[in-house]
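What follows are several structures.
The two complexes that follow have chain A in common; it is paired with chain B in the first and with chain C in the second.
Right, the complex of A and B next:
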């Protein structure tokens, strides 16, 4: 029992630390690509501490306050369901299909909170976020169906177990893995899919009215979000990992790859982003699906 | 002779007559009768819980017996119908008070309940058809009691219903001519000796009728208009239960009357499934996809819900037509749960219309501060509709997805999941444009809806939580239905699904428990940090502009306009327009026919004379004209 409680604290902590480290690392890396020195590695953590200790926090209403809280609790819940080496507390309570819906709880909270601010930039940001979600979900769902078909299970732990000894999803289904990577990339809202935050257009979108501890919560949530997306991809296509060190290295590698793309691209318009996802990634996802259906 | 089933069926009719007569005395008498009799109907239905088949022969016509019967499938439908009607009756009391024909309204409302119960309790085709026709007409009279546009919408509705009813009438006549009986049991045993062509044409005739009522694409065009223009309590009945009657009819015929064994011999298998099921699955998939996409683009609260009904009923039909234990159970669970959350949403929107007088989303906003009970009800309703755990929309969707994975129908799985994602878009639009955003100053004095409107909302909202956390409660009744139709019943626990019932296990209470724990942690962290200060809704970042109530700054109209740009090429194809073109063609055709049927008596007399002359010549010549 004590061990379980300890794990229930340590796993979100691990997720948070990985996420916050990757955020700091990304800022440093982007700076170096742009030939700047960049902020220190722990700058995101310092930002969060600063925001959480602000004395003056404005609020537009109860839902506005609860939004970041629900977002964070949704993310913590999701972390429990993503297979992490050495942690199997809730494996019997849900599967990949349930996870898709569990991942939405946090976003719903955030969307409701941002909506109550009454700022049109926030509403436009949410409208864009949801439309973009419809965009990247199409190839992503096809890719997930391919994975389910390939391993013939929806249990995440069984999917990870089936990929032992380098029988990784990415090697068995390379096309699907690339498509899923693009969809994950879109889900993380990096350039060129950075339409939701888009500071020059909608003034950081959903976050526009948030400051102080609310923003601090959203930044913690963002750190979790980075971990969730990358860890899910790692579990589905990179065979999970046998210990936390390997797991971290795989996520880290993915994040470096992602930052390369993020640094060089400009921004799509939302229509073009959705059209992009519905065109080539979907076609290739279907090809990948066909290969698995025929080849087994 | 056991008359209890007849008592049950007559209760709503008596209630309707008494409510009408009571209303002539005083409105409180009408309310008392309305409330008592809808409650009595629930009690009588509930009394049948768990009992086996009960039937009653109540008459004889054209040499055939007329039968009423109660089985576990009709019980499931009957309990949903009577519950939604009780809620709707309560909601109607404030809503319909000021309307001119309020007594007739209650009369029709109860007759609608009675005819619906009649349809699900019918044990023979004739009873079924008569109640079905009455149901269509009574619901038409209720629809046209709504907004100004409702007479046009009701016209479309009744025309489509009549097309379906005519098809069903031909089917009924064909069956009677072959079998000389109306009773379901006799028909199903006699059908097996008929030719495949006969079976298929009879089935197709009935299926058209049911698919129109269930509004499965492309037979859905009456639905958005009728649902959005009808009075709100009627909308929630139409969406919550009337549409399910169509689904009930379809699957009662497929599984019970025709039976799977009958189809097996005559219908070819495609992709390992009977062709009928494949067609139904793809029609359902089409409904899910386009119902969702069209709902996203609506600017009217009730139209969003109407299109979403098409999509959500698509899930029911998809689940049922998978013809597997998990799929049928998922479809039936979606049937029960959709009735709960969609009626809830129609009640909330009805309350908004009652207080603000508009259902146009761009005129609303910021009502969360004025109507907190409505807000929480709608929040629970949309979470359930979107299928997010732990509310009651999650378990059925999860089961349907699992059933699709079991069948390896990956394309339908993709469509179903995309429909799920799409539903986030329109439910957020709904709650955002009504309750979030800035409050227009004309609604500064708006109050929460009256208590009688809150009771149905609160009750149904609680049901979404209870059935969400414990899907085992409705599944107990659903497992009985599966036994009744001769299928392996689903294995389940109170809180989810054990090993071996699906591809994976599920425990909703554990998920919710973890969520509550995580929420408690985040909430405690939040309140332990420095306090917040409330600011006015105009205290917004506007890039240097000052926001006041005169220069408002709101985003509500054309919420997903960019989505319209993306979808434009597809939306040019509209089933409604095809029907409109057909109507135009019929009008031209009718114009030509009118030259023959002039309406003048002398023309008709001359026709008669000519025809008589021809017949006379025919007879005189002994049948030989040449």
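Right, the complex of A and C next:
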């Protein structure tokens, strides 16, 4: 019992630290690519401390306050489901399917909260977020079905176990892995899919009325979000890991790759982003599914 | 004893807080053209954790970049009041100090300090990025020593500022 409670604290802590480190590293790396010196590595942590220590808070109603809390708790719940080497918290036979639903809670909380602020930019941002979700979820769900078909299970721990000894999902199903990578990338909202926050167009979209402690919570949630997306991809296609160090290294490598793309691309318009997702990634996801169905 | 602990806690908090300051990306006068070089590769103010943000709710610093005409003053005051405490104002360029070359203009206010509490002025027409970076460093010092208390002054002398605002804007709300 005590052990479980300890794990319930340690696992989110690990996720948060990884997420916050990756974010700080990303800022530094983007700065170096742009030939700047860049902020210190702990800058995201400093930002969060500053936001949480703001003296006043503006609220636009109950749901506005609850939005960030729902988003954060949804993220923490998702972290419990994701297989982390050494820790085993929540696991059921169909947890990959459950995960798909739980991962939406975060965006939903944000949408509910931002909707109450009454700012038109927030409404546009939410509409964009939900439209984009429609875009990247189609190839992502097809890719997940391929994985389920391949390993013949919906249990994440069994999927990880089936990929031991370099039988990684990425080697067994390279096309599906690439598609899932693109979908993950879209879910993280980096350039060129940064249509939701888009500071120059909709003034950070759903976050437009959030400031102070609310925004601090949303930034913590963002750190979790980075971890969740990358850890899920690592578990599904890069064979998980045997210990925390390897796990972190795999996530780190993925994140460096993502940051390279993020730095060089401009931004899609929302309809182009959805059109992009529904064209090539979906077609290739179907091809990958076909290959697995025929080849087994 | 409790008081000392609280003071120590506040000191630590201030020294951490000064390393993350977000600027409201709202520009009034010609001085704004010196901000892009300050942000980008050459001078890179991101080193100090200072980055531009787009909405008043998220920002800590309001930079009034140059002359403020009466129409703009309304927007600036609204934006300033939307920002969350603790917030700081930097008057940028000689126009915000005493009107500068717009001294005789009928539609430009002269002394920004009578309409909103300014924590720091940067002299020059217009100040170079070096001066801007220097002013940020100075603002950090002021925050560290607790002297950047413009937001408190605004609350204490609200009637004074209100009276001055009314004088040029009329009864606007």
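By our rule, the second predicted complex is superposed on the first by the 294 of 296 C-alpha atoms of A that agree within 3 Å, B and C clash if a C-alpha of one lies under 4 Å from a C-alpha of the other, contacts with A are read in each partner's own complex, and residues count from 1 in each chain.
Just so we're on the same page, a contact is a pair of C-beta atoms (placed from the backbone, for glycine too) under 8 Å apart; a residue touches a chain by one contact, two chains touch by 3 or more.
A quick note: this is a predicted structure, and the numbers were derived from the prediction, not measured.
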In the superposed arrangement, which partner chain does A:43 touch: chain B (first), chain C (second), both, or neither?
second
Touching A:54, do we find chain B (first), chain C (second), both, or neither?
both
Answer with first, second, both or neither: which of chain B and chain C does A:130 touch in the superposed model?
first
In the superposed arrangement, does A:69 touch chain B (first), chain C (second), both or neither?
first
Quick check for you: in the superposed arrangement, does A:31 touch first (chain B), second (chain C), both or neither?
second
Please determine whether it is chain B or chain C that touches the greater number of chain A residues.
B
Could you tell me if A:141 is touching chain B, chain C, both of them or neither one (first, second, both, neither)?
first
Once chain A of both complexes is superposed, is A:88 in touch with chain B (first), chain C (second), both, or neither?
neither
Which of the two partners, first being chain B and second being chain C, lies in contact with A:210: first, second, both, or neither?
second
Check the residue A:199 against both partner chains and state whether it touches chain B (first), chain C (second), both, or neither.
second
On chain A, the footprints of chain B and chain C overlap at residues 53-58, 203, 208-209, 212
Give the list of chain B residues in touch with chain A in this complex.
366, 368-369, 379, 383, 386-389, 394, 397-398, 401-402, 405, 408, 410, 413-414, 417-418, 420-422, 424-425, 428-429, 431-432, 436-438, 496, 503-507, 510-511, 514-515, 518-519, 521-523, 526, 529-535, 537, 539-543, 553-556, 559-560, 562-563, 565-566
Interface with chain B, chain A side, in the complex: residues 52-63, 65, 68-70, 72-74, 76-77, 80, 90, 92-98, 100-102, 104-105, 108, 111-112, 115-121, 123-124, 126-128, 130-131, 133-134, 137-138, 141-142, 145-146, 148-149, 153-155, 203, 208-209, 212-213, 217, 269-271, 274-275, 278, 289, 293
What does chain A use to touch chain C in their complex?
27, 31, 34-40, 43, 46-47, 49-50, 53-58, 199-200, 203-204, 207-212, 215
Any idea which chain C residues touch chain A in the complex?
13, 16-17, 19-20, 40-41, 44, 46-49, 53-58, 60, 82-86
